[in-house]
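To keep things simple, chains are lettered A, B, C and D as they appear, and every chain counts its residues starting from 1.
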Amino acid sequence: MKRRIRMGMVGGGPGAFIGGVHRMAARLDNKIELVCGAFSSNAEKSKLMSDELFLDPDRVYGSYWEMFSAEARLPVGERMDFVSIVTPNFAHFEVAKAALEHGFHVVCDKPMTMTVAEAKVLAALVDKTKLEFCLTHNYTGYPMVKQAKEMIAAGKLGAIRKVVSEYPQGWLATSLESQKQVWRTDPAKSGISCCIGDIGTHAENIAEYVTGLKIAELCADLTSFVPGRTLDDDGNILVRFDNGARGVIYASQVSVGEENALNIRVYGDKGGLEWSQQEPNTLIVKWNDRPSEIYRTGWAGNGENAGRNTRTPAGHPEGFIEAFANLYSNFADVVAARLDNVDPAKIRRDFPGVHDGVRGVAFIQNVVDSSDAHGWVKFTL
Amino acid sequence: MKRRIRMGMVGGGPGAFIGGVHRMAARLDNKIELVCGAFSSNAEKSKLMSDELFLDPDRVYGSYWEMFSAEARLPVGERMDFVSIVTPNFAHFEVAKAALEHGFHVVCDKPMTMTVAEAKVLAALVDKTKLEFCLTHNYTGYPMVKQAKEMIAAGKLGAIRKVVSEYPQGWLATSLESQKQVWRTDPAKSGISCCIGDIGTHAENIAEYVTGLKIAELCADLTSFVPGRTLDDDGNILVRFDNGARGVIYASQVSVGEENALNIRVYGDKGGLEWSQQEPNTLIVKWNDRPSEIYRTGWAGNGENAGRNTRTPAGHPEGFIEAFANLYSNFADVVAARLDNVDPAKIRRDFPGVHDGVRGVAFIQNVVDSSDAHGWVKFTL
Amino acid sequence: MKRRIRMGMVGGGPGAFIGGVHRMAARLDNKIELVCGAFSSNAEKSKLMSDELFLDPDRVYGSYWEMFSAEARLPVGERMDFVSIVTPNFAHFEVAKAALEHGFHVVCDKPMTMTVAEAKVLAALVDKTKLEFCLTHNYTGYPMVKQAKEMIAAGKLGAIRKVVSEYPQGWLATSLESQKQVWRTDPAKSGISCCIGDIGTHAENIAEYVTGLKIAELCADLTSFVPGRTLDDDGNILVRFDNGARGVIYASQVSVGEENALNIRVYGDKGGLEWSQQEPNTLIVKWNDRPSEIYRTGWAGNGENAGRNTRTPAGHPEGFIEAFANLYSNFADVVAARLDNVDPAKIRRDFPGVHDGVRGVAFIQNVVDSSDAHGWVKFTL
Amino acid sequence: MKRRIRMGMVGGGPGAFIGGVHRMAARLDNKIELVCGAFSSNAEKSKLMSDELFLDPDRVYGSYWEMFSAEARLPVGERMDFVSIVTPNFAHFEVAKAALEHGFHVVCDKPMTMTVAEAKVLAALVDKTKLEFCLTHNYTGYPMVKQAKEMIAAGKLGAIRKVVSEYPQGWLATSLESQKQVWRTDPAKSGISCCIGDIGTHAENIAEYVTGLKIAELCADLTSFVPGRTLDDDGNILVRFDNGARGVIYASQVSVGEENALNIRVYGDKGGLEWSQQEPNTLIVKWNDRPSEIYRTGWAGNGENAGRNTRTPAGHPEGFIEAFANLYSNFADVVAARLDNVDPAKIRRDFPGVHDGVRGVAFIQNVVDSSDAHGWVKFTL
């Protein structure tokens, strides 16, 4: 019998953008039901969401701690199966840690924690409890990103030599510090980096995800262009991968006119490829000895995992929410498998996990260290 | 207090593509709850969907007639508020007619009916009952299509002179008649046209929607290229609009390599514009005296309706399902307003209606007539 | 020993755009030397070009008649080998006829003549004299257009079913009749059509060139949108080809914001292709069963004729002038072969000829006839 | 009276690609006449070019030294006015130096010399002799590159913060060392760098040309990926400019499937822009508060210099050869002005000069130094 997984949410109260995205993503495939939440550190605001989301008011809690305690007392089959954490960065660690300690599976927004030490604590806890943990590096959910990964893993491009991963945005080109997004540029809430923490980690994650390589050394140049801003709003990084491949990763929030222009190019000794988030259903695969090819979401010849993460035939554009939903869908399948005592390995669902989170937080730390030292650093976890 | 609208579904049983799309679209914004269905003309198959969709088995019915009767007996607030009709074309009329007669609002897939006479019956019934009727010309749900419409309505492009609307696909380039899609090429189920009925009506609808013009005269050339096929798989049409504008509409299912390449170009005496469904978040607006402009979904300066039909900031691609969901969302808002005794006109939601459906069916009839006569025909309803 | 061919020019005096383009095209490959000209019907203006073009003043003539007479008296090896005719349309016929009668090979701008009768006279004269005649349908000079032709001729796309050829411009969207381009909209100088005569014939020619098919029947709808204009500035045409293929050809000079957006799409029962003049070095080839392919000018695997008409390796964009120069280069090679008593067939150079010109003028006539009759016409020469 | 400038050429013998490009570029606008050459270090091969190029055999010389001596003895008005140097890199210095010492203006291919010391010698000689010197950084000849420069110089983008300049190619992804291009990967002929010397300098030059900024500091990572190759075939570079702007420059010859994909993005505090060499007639200009704009070659509203370097109206693509020809055309205008005793400053023609050449060679040296040191270096001349 099919089952729907029960979700609780921490964060995502009135006006929060990313909370709504998570809820749409969780809802899309009808595999997940939102059953409870602690939507705001302000209990009044949290309660407002009961009407908004058609939730039982008794299950809209004033704090995540209260929620975990109360839900843990409910019987399996009624209580939430996992929690989705969509708070600002600084709260991820304590909420995720508490959730794991209460025995709940976790979906957590990125970057996972404020420090590498915290990240390692979570990783150790996940390894110990064997609970499922999904970090929402949502861009890896796009079918064509999975197609790229599958082609590289199958050796189609040969040995990888060069990786270029970019994430330019323009929205912080002028001072928005007096406005609502302030938390991203506030070290107390965002951590040691704004630009690299918020979007540079996506560029790093997609590079490692698609290639299967790990960054081994890097040299970063962070800048804070907008007067009065303390954290970086732009960063350029040379990288070397563990197999000897070289590359460039950059992220920017002051690239005026850019929206969310994450893109990646990978070159091996046989072929190359190129993908852009803003036109996500196209993957250009490049060769020296024959014409470049245009792979498209929904094509029957795509790889198994690309195909599994596609909802419609080719030509029906799948977007940001669908990619995000793929993480939730895959996570739900794995949690359902465990509830049904099926080995999750058998169903081959993939989503970013806690160890990707450790690498992401370490990437931020290494980038800041390199930029401060004005030179190359070995990538350390 | 917020409310969720209750949906029943007719059609969309095991394996049906479009039924699943409708359900995802209805689900995305959490404004609609699926409460019942008659998913197949085969009662056994219909019942299978109860588990699939986590529905009360008592509300999964063996026939639409049974569903309408049973639901009509339930109290408001429990019974379905509207029905979504996702059957093959031939059944739309009888189901929609019965739904309206039972007092239910209707969402219906296109083309609305098999004949113009049937279409007029439905229109008269809607006009008489004042029930809400949404025809799922889903491509009008894209934010950039609404932006195009708003700019033209505001006179930004001047008087419209030329419209080109194309919908090429390639999937019927070879004979699939022995396969499951057979109903589309079967006159008994699909009607007097395959290509124009299935996708040509979308091209017609988007042209009239975006420009606000009506086709007044047309000259069509339909072809059935694949041996053994009785209905058209390609059609080219010259059109004249009621304001004197001229244009071309074409649809094809034998354009090898094309996926779902609906696109429209409109030129007025001041400006032009271009939109393509496969990259739906970009609208190119063209001028003779200054550079072309790239309008993008999510830009803060977009029109009110474009903005209302957008979920995420610029750079987060919204796709086919989101556009489809916009129809359901707008329809749900209108039905909710009526349940709350609010005048729907006040909330300015738009979706294609029963009179668009009459025009669509008449378009198919006029096109077939013109092609048969090998000459121009005045557009008659 | 290599030789340069000697060119005379009729038209292209001070301020004429297309004359300068012809001269750059003739000059680019160093196969042709401009030796004389009658650049204007105004002898004074013609003489001004002697200094401009570094020509012997004695060979800048006051009229084409004077030029042909004088040059014909010079010995071969000194006199011009061919004449390039770049006058407004109305003068093409008399100049070309005189040139042929004086024994000169001809390069002539399009449309070839004002009437089909004139066109046939020229064709008969060319057939009789066996002189070389090149009509500058310059867009067929692009390497990727030749690649498209070669792939279709080799059967790569299968039997051709559908052809869409468009040529939208916007420059005549407002009245320019008081300005210098007036001759194009003046029936006395331009003929029975403005838009179809000027650019529609390019769309027709490229469709027939690329596919190898001939238009057999058509239905046209011409409009003159700008008040006070007597000739068409927009035309939409349904076409049927001699093999049963169907298609659409349209041209427009009132498509605001369009520059010179000639493009063609062709679909056979195996594959499709798409080419756009404004990005001329890319040819998209489309398949149902594998990814679309991006063919590019300069790729080593292109066809023989595409390769021969390319000057630089892939990635060095070749443009409008290079395509135009390909016509001159191929024509020069053929004239040189004849001067060297080599059979031109052996060197396999291609350029549009006098019979393409007859078809082009007949196309204009058939389109005007069809539009006037408001119905289909069989294509008659 | 108009005049044509007389050109001699050194290098560009049988089979040389770039020599032919220079000759087409010099020929296109009819401002330059090739009158003599020393086309090969092999006198026999050089002589073969007399027939090929329709040159007086007496002026096809066995060596550049012989040419400079002989031509210097001819009267002005007959002798060559300037020399175009298109030899492999290692010979640029000695030929250019000799030309300047003989009083000839110079057009020289890039990189200018093998060492910074040599570059400075040439610069000093140019400064002393006041002869004209054009270094063929041909990509700066594109109209849209000039448009970008003009918009930035006019402050349209505000203070520049970020520059990304890339030049990926794929042709050296496998070993071609046994083939004809061997000289590029041979340190004796190419200098201390292959990839950065050949194409990285273009990326550096266009970045400095478009922005008007100078690189002040850099950190480079060069790699030689192909086994057996001694010079770099890939390089990634972080840069800091003299105004505090940051950026990335990279070049690659192992990016499989890339042709000649030079591109640049620049972001100021008001706007951004993007240009790609392979589609050179489009410049995207980006804003945060209004739609991005598509500037196009040939638009009447382009800047003065962009307009001057354009031959045809918008929509007639201008390509690589036209851009290259713009350097020759501007250079010829300046030389002609000097022959006419007109101050070249008055005619405002621009082309890259000897000091750009010094910076280019210094860039190569700084990049190699930084890569060797595995860290940042201050940019030193």
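Here is the rule we go by: a residue touches a chain if its C-beta (ideal position, glycine included) is under 8 Å from a C-beta of that chain, and two chains touch if they have at least 3 such contacts.
Treat the numbers as computed from the prediction; the structure is a model and nothing was measured.
Of the two chain pairs examined here, B-C and B-D, the one linked by more C-beta pairs in contact is B-C.
Chain A and chain B have centres, each the mean of its CA atoms, that are 34 Å apart. Here the CA centre of chain B is 44 Å from the CA centre of chain C.
One simple way to say how far apart two chains are is to compare their mean CA positions; for chain B and chain D this gives 55 Å.
Chain contacts: chain D has residues 171, 258, 285, 292, 296 touching two or more partner chains.
Taken as a graph of touching chains, this assembly is complete, with every chain in contact with every other.
In the complex of the two chains, the chain B residues touching chain C come out as 157, 161-162, 164, 166, 168, 170-171, 173-174, 219, 221, 223, 225, 234, 236-238, 240, 246-248, 250, 252, 254-258, 265, 267-272, 285-288, 292, 374-376. Taken together, the chain A residues at the contact with chain C in this complex read 284-285, 289-296, 299, 301.
Chain A makes touch with chain B in their complex at residues 1-2, 4, 17, 20-21, 23-24, 27-30, 51-54, 169, 171, 258-261, 277-281, 296, 298, 311-322.
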